[in-house]
Amino acid sequence: AEITVFAAASLKNALDAIAADYQAKSGDTLAISYESSGKLAKQIQEGAPADIFISAATDWMDKLAETGDIQADSRSDLLGNDLVLVGGADAAPVDLVKGVDLAGLLGDEKLAMGLVDSVPAGMYGKEALTSLGVWDAVFPKVAQTDNVRAALKLVSAGEAPYGIVYASDAVSDASVKVVGTFPADSHEPIIYPVALTKSAKPEAAAFVAALKTPEAVAAFKAQGFEVLGQ
Amino acid sequence: MFDWLTPEARAAVLLSLKVSVWATVVSLPFAIAIAHGIARRAGWVWQAVNGIVHLPLILPPVVTGYLLLLTFGRKGWIGQWLDQWFGIVFAFKWTGAVIAAAVMSFPLMVRAIRLAIEAVDPKLEAAAGTLGANRLWVFGTVTLPLIVPGIIAGAILAFAKAMGEFGATITFVSNIPNQTQTLPSAIYAFLQVPGGDVAAARLVAISVVVALTALVASELVARRVARLIAGN
Amino acid sequence: MIEVALSHRFAGFALEVAFTAPGGVTALFGHSGSGKTTVVNAVAGLLRPDRGRVVVGGRVLADTDAGVFLPTHRRRVGYVFQDARLFPHLTVRQNLTYGRFFAPKGGEDFDRVVDLLGVGALLSRRPGGLSGGEKQRVAIGRALLSNPALLLMDEPLAALDEPRKAEILPFLETLRDVTRVPILYVSHSLAEVARLATTVVLLRGGQVAQSGPVAEVLADPASAAVVGPREAGAVLSVTVSGTPGEDGLTRLDSPGGPLWLSGITAMPGQALRLRIPASEVILSRAAPQGLSALNILAGRVGAIEAEGADAMVRIDLGGVDPGQGGGQAILARITRRSVAALGLEPGAEVHAIVKSVALAGHI
Amino acid sequence: MFDWLTPEARAAVLLSLKVSVWATVVSLPFAIAIAHGIARRAGWVWQAVNGIVHLPLILPPVVTGYLLLLTFGRKGWIGQWLDQWFGIVFAFKWTGAVIAAAVMSFPLMVRAIRLAIEAVDPKLEAAAGTLGANRLWVFGTVTLPLIVPGIIAGAILAFAKAMGEFGATITFVSNIPNQTQTLPSAIYAFLQVPGGDVAAARLVAISVVVALTALVASELVARRVARLIAGN
Amino acid sequence: MIEVALSHRFAGFALEVAFTAPGGVTALFGHSGSGKTTVVNAVAGLLRPDRGRVVVGGRVLADTDAGVFLPTHRRRVGYVFQDARLFPHLTVRQNLTYGRFFAPKGGEDFDRVVDLLGVGALLSRRPGGLSGGEKQRVAIGRALLSNPALLLMDEPLAALDEPRKAEILPFLETLRDVTRVPILYVSHSLAEVARLATTVVLLRGGQVAQSGPVAEVLADPASAAVVGPREAGAVLSVTVSGTPGEDGLTRLDSPGGPLWLSGITAMPGQALRLRIPASEVILSRAAPQGLSALNILAGRVGAIEAEGADAMVRIDLGGVDPGQGGGQAILARITRRSVAALGLEPGAEVHAIVKSVALAGHI
């Protein structure tokens, strides 16, 4: 059977690897559509032929649960992620504690992050900085991008000295360095939930299960994700 | 060819080509008809049409994509009806990508053709009239041949735009490999993950080569047509 | 039968024209900017006049009062534009045959028209590289081949050389006489007008200065202002009274006596029209002898109008009583010195000497 | 006016207008020059220019945005140089948004103007030459006035496109409220949050009204110019 | 001094032309499609000939061998195009003054040209709505006002009515004689050519059929083929020998005797050129008496060439020996019947009767 997965764009590397494996084993074919979670959720609401939805944040999954577009009992939290502060390759570590003088570190320059009201990484970042008590000072220096990768690009291109991204994004980009990890309690837990959609094919459940096999876990971990429910 | 591409990327290239060609071809007659109306008729109706045609240009592509989803989606007011009565579904199909690309490139096409129509000397059309040709025939035998360079210009602009269209397409039909994943969507997906830059650059190169080839070819055709009309 | 009544205003120019013509060739004559093209455009339906009525051969093409306005393509007019307006993307052949598709069967033969116009070598070319005269010839052919119910020709021959004109004019005469297509003909050449026209409409500043049968209008000295003094001249109706002799000359009978012309193909008994430019007429009191000019018409001086150094003399042919000569007259433009020297005055008997070859062009 | 908008949205509207107008105005002379070259000169150089001009149309906007970043960014090869020598910085500035919008709308502008130039009868330019006018003067006094309708068409197309431009802009200059947050960015942001649709729709409406007003105005001007040239 | 040598090939047409002219007006004469416009375009620099050399008044405008090709705007040619080519976006006034900016100071007076061409009422209009003749007049004015070093006129008067032509021609004469601008003039009207031209270049099929001083070329019966038989005629040089009398006539001396013409403004002693169309000449053996025609030239039959019913008779003026009459001759086209009736043969004494008013147009 052909299983269609709607997955948050940041999962591409890991999921592509897992899917290749799974296809070889099961004989099912997988088509994975990577996009921002918000758009995928809207598409599912509009009747997209998705069997599985893996969101980068819980709110859109909650929304779909509300409208009955997913099978509530199939929902589980699949992955977690850390929120990190990245800087250029030669940046010094920053201790992300309450009252950290991020604004001072930035000087005249910008802090790159996702849209603070809509892109999940941006929203987490805002929350974290708020709980560290520095949001108001930092906000005027925030450059928001439409996705978290673009924020990373700003740092790697040297346009912004620092950026807030997921730990998984910082992997494998030599020109950026993680200079600090936001304390887990400074923001809502970063959770990637998975669920079958209302119209999911029966075979889809097997792939959801396959996402929790050791091979899959290894693949996720290799991309810097935390695997939940272990 | 394309051996150095992953099968998925290859599929994206082919799909993009298919979608762009279809989008161009399908919208061409409408574009010509509407351009003609706007260029040669007066009145607020055509002014309104003119405005509507430009909307996809003005709106962020995402918005156009959502509007398409709300209109042609399976639950959309037209989509639902098409599905029920004709079994035609656009949402999340390559045909949907065609629609998205066609809608997005439509203003460009219409503008180009319209400029060409406005450059046609109405005196020639009048001359055709004195020879007994009715409006439709005049259009087909005088106006249309004379605007061929403009049509080619509009078509190639539309084709290029369709090749690059991303926002509305991915919003309307998502990004499903082999089905709705066009080249720009694939590029987008690669750009979203660590280490995807190289793969993305490769796709960008393909996209550039394909579109520029089409561009150069169209230029040659347009030049030949123009030279033919100039009579040298 | 053509009936035209138009009223139209442009900024700075008002057209107010009404005339009727019995068919044949109706010549529109007038200065540059007098409204000729405007009239033709209105007849073709390319201009919607503020008010007006156009009837051709009983068909109402336009009548603003009745709300009738036939679209151009249903009027069946073949229009030779002042600016050729060929289709640049079509070959000469395609241009020529463009109207064929809509034309009722019949009409001119393609090869014949191509031959006449000398465009055979151009058929596969596109108009872009054609010379001015070549373009105009193709435009004439295109209109002819659309088998029109009415031909509109706006200075069709202006761009052509004399020999070519001399070839096309007889063809237009045939068209007029044999196929009987009415023709509305704009020209600045009085020779062409006199030769072709049945009716002349003189326009001046958007108004009809004079209109009527060609002989009448042109014999009126008042028309000289529009026509130009050098072009003025009368038109004479004559009857063919024999077949060409071995020297190629045919005898024509006029109220002033016999005339001898070459190149006449008309049958004995047929009526012809001759234009006699006033400037080419020589007067003599005595009957002249031993001149190379064969054509000497007898008559009496009808009127003398002085114009500067010159005078325009009307000679009523065939006697004192205009009725005797069928009311026909010719005009002579001579110097006032000659008027005095010859002692010309109304009623005086005179002989008008006209060169035969000078007439040949004006049948 | 705009009282029913949040101050931030109001700023976005004004910024979008400013950016679009500037992008249109700044790119116009370049577009005219390049369109003239492509239309009237032969040779592979102009073919290449033609290709390059079309790139922003073909590439997904994100890619264009990245390329702009790599070129005009502070560490970019041109940006660096501009910064050092003139102290001009585009990154995170509204001027950067102007650049992004200008680049994205450039192909549309060039195409429209080029079509208009190609419709100008070279015989008129030749006639001007016989009267002693050199190339530049011919261009300024004959070609340029005759293509005004085409220039207007190109400019309005570019303006509309600039109003809707989003992908390249946000990638290049990101989204800094009051500085680089254009209307489309704001719309996008609203669409990304559950329940943001109404706010987004409001902004979409503004964007449509602004762009269509510009459109209608430009049509009127273009028509007047065309009528003037036709001489009626 | 104009020197033109051109060689150019279009698909299906080859131009191979070389001529020199001493300045003044050089008329290009030939059938439609014979290459006139092509020559003019090459002189203007609008056509780059395959090979060629164009020198005007010592300035080398083009010389392909030397790699010289002056761009059009530096040639200072005022070109009146066959198709007016007005700038549609400029008013008539702006069209007229377009060349002013580049023109050296001096040149024609704006108001005078506007007046002459009768375009005063059009100044603020745009060309779109102008009539054909109005357009052409503006085009003439535009070229004149650019103060050119060489005027190129491609059938400038074809679209105009006779009265207007009669106004413009003297102006061109003044231009030729007073401002001494060389003019390259294309026309299908022999009257215009004879009146204006110093040199005539007859083109046929892209080649020079004949070229030289106007009198020589036109007096050659061989030129009749290009010119058309009805237009053929000789050009006669005469000297003004008095001032206009009270009847407006001026005496001109020719080798064949005195001629009387009206409308002469030239000073006594000045040389003039008269065109005498062959078809307007009447021959008589005896000296004619009592005719309204004042102009009777004595001479001897030089040659007779039969053409169908007609014959072309050359009359050498002033005696048997051509040298006596300065080698001047006129042509008469009469019927062969008259040749026989008058017993004309080479050497016979004849009198040629020419109407004074017929001459007036052809100075």
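Each chain carries a letter (A, B, C, D and E) given by its place in the written order, and its residues are counted from 1.
To be clear about the criterion, a residue touches a chain if its C-beta (ideal position, glycine included) is under 8 Å from a C-beta of that chain, and two chains touch if they have at least 3 such contacts.
The model shown is predicted, which means the values in this text are computed figures rather than measured ones.
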Fewest touching-chain hops separating chain B from chain E: 2
Minimum number of chain-to-chain contact steps, chain A to chain E: 2
Computed distance of Cα centres, chain C from chain A, in Å: 91
Length of the line joining the C-alpha centres of chain A and chain B, rounded to whole Å: 34
Centre-of-Cα separation between chain E and chain C, whole angstrom: 26
Computed distance of Cα centres, chain C from chain B, in Å: 57
Where chain C touches two or more other chains, by residue: 83, 125, 129-130
Multi-chain contact residues (two or more partners), chain D: 62, 66, 166-167, 188, 191
Residue numbers of chain A (touch at least two other chains): none
Pairwise chain contacts under the document criterion: A-B, A-D, B-C, B-D, C-E, D-E
Contact footprint of chain A on chain B as seen in their complex: 62, 66, 69-70, 73-76, 91-92, 170-171, 174-181, 188-196
Contacting residues of chain C [partner chain E, same complex]: 10, 12, 30-33, 36-38, 82-83, 121, 125, 129-134, 136-137, 154-155, 158-164, 166, 188, 190, 227-228, 230-231, 247-249, 260, 262-263, 279-286, 288-294, 308-310, 332-339, 341-342, 353, 355-358, 360-361
Touch list for chain D against partner chain B, complex: 47, 50-51, 54-55, 57-63, 66, 107-108, 111-112, 114-116, 118-119, 149-150, 153, 157, 160-161, 163-164, 166-167, 184, 187-188, 191, 200, 204, 207-208, 211-212, 215-216, 219, 226
Interface residues, chain D side, partner chain E - complex: 123-124, 126-135, 137-138, 141-142, 145-146, 228-232
Chain D-facing residues of chain A, complex: 36, 38, 59-60, 63, 110, 112, 115, 117-119, 142-146, 150-151, 153-154, 157-159
